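Shared between the two complexes below is subunit A, which pairs with subunit B and subunit C, respectively.
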Partner chain A sequence: MHIFEGFLPYPWWQAWFAISIPVILYGMYKMNKLVSERREVVPLLAVAGAFIFVLSSLKLPSVTGSSSHPTGTGMAAILFGPAITAVLGVIVLLYQAIFLAHGGITTLGANAASMAIIGPLVAYMFYKAASKAGMNFYMNVFLATAIADWVTYVVTSLQLALAFPSATGGILASFIAFAGVFATTQVPLAILEGALTALIMKYVVQIKSDVLVDLNVLTTTTVAKLKEAMQ
Partner chain B sequence: MKLEYIVAIVVLIFAGQFFYGVAANPDSEFGGADGAAGDLVSEISPGYEPAEPWFQQYLFEPPGGETESLLFALQAAFGAIIIGYTIGYYRGKGESNKDTEN
Partner chain C sequence: MTYILDDYAILSPLRYRNNWLKLAIVTFGILAGVSSSSPFVPFTIALCMSFATIFFGKVPPKFYFKILAVPAGFVLVSIVIIAFFFGEGANLFEFDIFGYTLGVSSQGLNMALLILARTISGMSCLFFLSLTTPMIELFAVLKAAKLPDSFVEIAMMMYRYIFVFLDVAMGIRYAQTVRLGYRDFKTSFRSMVMLGTNLFIRSWEQGEKLYLSMNSRCYDGKMIMYDEKRPVKMPEMLLTGAYFAIVLVVFWLTRGISFI
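Let's look at the complex of A and B:
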């Protein structure tokens, strides 16, 4: 989903910054507040950030003959909400843009919008809706994070299609072409990311279920049920 | 069924789709989809020249594939250490709490 440096013309890269910067600033405010009010969540915040670091560094081969990488942002979104996830995601994108020449500075706003904001927002909304509907916790985490991973790449395709509409078919034809590269390649990776996230979340339930209740991720009754199933 | 087994099966299926992909695309080197999208940009807008912003010259660019893989490995290692340390720390803490309760 990294749009390379220089690959978004004016006014698109500015527009995506205009969307991303307020969310990131709000996320920094929320993160500061959370960390100063609840010291006990700091290790979990570090794990969520580290998970993004690991997953987004793994360039995995897909059945389409291309490689791509998962995002890892779905877990942070479920735990801390999309605003805080935006901050964690931008840290990773900055590292990759500055040290790895992967992504870019002018395209940072657009890459942040897809991977750090819109994907996590979808994960968060899906998770909340499905837990209200009573879906099994691990299934919910799997679906929410897999969908978020995939949506990230759909957004990237849309960003490129908006900036480079096809001369014959317009934005739609362009979108289909970019999605053909990104969205299909991403399907196996999204499924893998969903499964890995569900597993990590199982361990979080095992060791830090009280924090999950504090963060409104789970209710005490669900935690009790999940722990019983582990015995 | 235990979640660990299900995840192991998903990983196996993932490996399977990779081998199928190798067989189905014998000439492919499995390059990045990011790069493929870049090629697609030049195809759709043949005249487009990626802008070279003024700060580009100050940005660090890995001199080659070796350094790049080092930095990617560092990124993964750094993250994995934090995850392993934290989960291990709390698991150990939970165990020792259990001991003192008994």
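Let's look at the complex of A and C:
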């Protein structure tokens, strides 16, 4: 869920920019380093960004009849790491604001914090920790992307609650209200996105597993093991 | 599937106006709207920007109002929450649910209306930009803003590939639909997975091909762009000045005034 243009009042949109900009600058620095070392990643990063945009503009089938969109950022975080996902995510958010009328310019900082930074970071940390603990790869991808999707909405609720605290219960009361609407309705969609990403990964392992090895998502031995299990 | 506002921007008669002037108009509108303390300022901005987009930009009004309704779901839910939870003072009306009293105070209602007005004005400014300025014009602006080359480069290539992949995705989706791939929840989920996988693999292969083809044409990490000089004309200047003046006057006159 994007926060739309003009929705966040005076100190908050600047505050979220202040939080997001250093992270994005760090991501740009990382990306610049990667690009100067291996020039061939430029087109790959560009198509990856375009892939996130297109994936996030596809409607998910939904049980209740309402439709929603996958965020796609959890998958990107697993594939490219959180720093680069932050930069790609910001470009995607900017394009969504300009092409699809989703999001906005003053709220770009807040949207970047929830969708391009915190969500992917959580997914990445979960993925790394769980793969160290030896969790099944597909289960891991499922949980990491589902959690990333859901965390994004929790952060959005928090951003709204901080900007509009309740008179009687303070920030907590309005957080419960916003999260009650946005985070609860997102739970089935988060599960759906997790399942979607895990299955996409399954096909990618089947058809083009060398990509995952190139990106350091999996090692050759795990790919061999996963392929063996499939037969 | 999705409409891309860029399609309208490319055909827009305002496309060949000075980019910086358009950006100044939009930035001014967004900042004035967001820092306004009464709903009148955002209302004025929304009126001026919608007029400019529809009248000067020749955007079909029906389409314009359709996209203006895009944020409606999110905004309506959020402002209801704000109206109920924000603000102090006597409640205008209240009711009991499960032993809790929920009430709307005048401060909360004012805030909700103000936020609604700000969102509408912000969106109309954003639409003015996205319906009159194609992204290709904005890359020169991004470069002039001294953003790193690799960032602008990736943004540019992403822009190009968004359309390539949207085309692929729409083609696959269409093929799946005519084969009853979206018949019920289970089949649509399966189709969605196949679509996502194919898109990922195709994007990857496309990226490798792109690298090869650009490398064989002496790509050295820099793309030079042609930045056309478009001087600002007098009528545009006067109109923009008038718009700024009107907004500032309204801003000053309606400080702190609210509806209720």
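Observations on the structure shown:
Criterion: the second predicted complex is superposed on the first by the 191 of 231 C-alpha atoms of A that agree within 3 Å, B and C clash if a C-alpha of one lies under 4 Å from a C-alpha of the other, contacts with A are read in each partner's own complex, and residues count from 1 in each chain.
Definition applied: contacts are C-beta pairs under 8 Å (C-beta built on N, C-alpha and C of every residue); 3 or more make two chains touch, one makes a residue touch a chain.
All values reported here derive from a predicted model rather than from experimental measurement.
In the superposed pair of complexes, A:Ile105 makes contact with subunit B and with subunit C alike. Contact with neither subunit B nor subunit C is seen for A:Met139 once the two complexes are overlaid on the shared chain. Applying the stated contact rule after C-alpha superposition, one finds that A:Tyr95 touches each of subunit B and subunit C. When the shared chain is aligned, no partner comes close enough to touch A:Ala129: not subunit B, not subunit C. Applying the stated contact rule after C-alpha superposition, one finds that A:Ile191 touches subunit B and leaves subunit C untouched. Of the two partner chains, subunit C is the only one touched by A:Arg39; subunit B is not. In the superposed model, A:Phe4 lies in contact with both subunit B and subunit C. By the touch criterion defined above, A:Met28 reaches subunit C but does not reach subunit B.
Within subunit A, the residues touching subunit B in one complex and subunit C in the other are 1-7, 9, 43-44, 46-47, 49-51, 53-54, 57-61, 63, 95, 97-102, 105-106, 160, 164-167, 174, 177-178, 181-182, 192, 195-196, 199-200, 203-204, 207-208. By the touch criterion stated above, subunit B contacts subunit A in their complex at residues 3-4, 6-7, 10-11, 13-14, 17-18, 20-22, 24-25, 28, 30-34, 36-38, 40-41, 44-45, 48, 50-53, 55-56, 59-62, 68, 71-73, 75-76, 78-83, 86-87, 89-91, 94.
Within the complex formed with subunit C, the residues of subunit A that make contact are 1-10, 13, 28, 31-32, 35, 39-40, 42-51, 53-55, 57-61, 63, 87-88, 91-92, 94-95, 97-102, 104-106, 160, 164-167, 169, 173-174, 177-178, 181-182, 192, 195-197, 199-200, 203-204, 207-208, 211. Of all residues in subunit C, those touching subunit A in their complex are 1-6, 30-31, 33-35, 42, 67, 70-71, 74-75, 77-78, 81-82, 84-88, 105, 107-108, 111, 115, 118-123, 125-127, 129-130, 135, 138, 148, 150-151, 153-162, 164-166, 169, 173, 182, 185, 188-189, 192-197, 199-201, 203-204, 206-208, 210-211, 214-215, 221.
By the touch criterion given at the top, residues 1-7, 9, 43-44, 46-47, 49-54, 56-68, 95-102, 105-106, 138, 153, 156, 160, 164-167, 174, 177-178, 181-182, 185-186, 188, 191-192, 195-196, 198-200, 202-204, 206-208 of subunit A touch subunit B in their complex.
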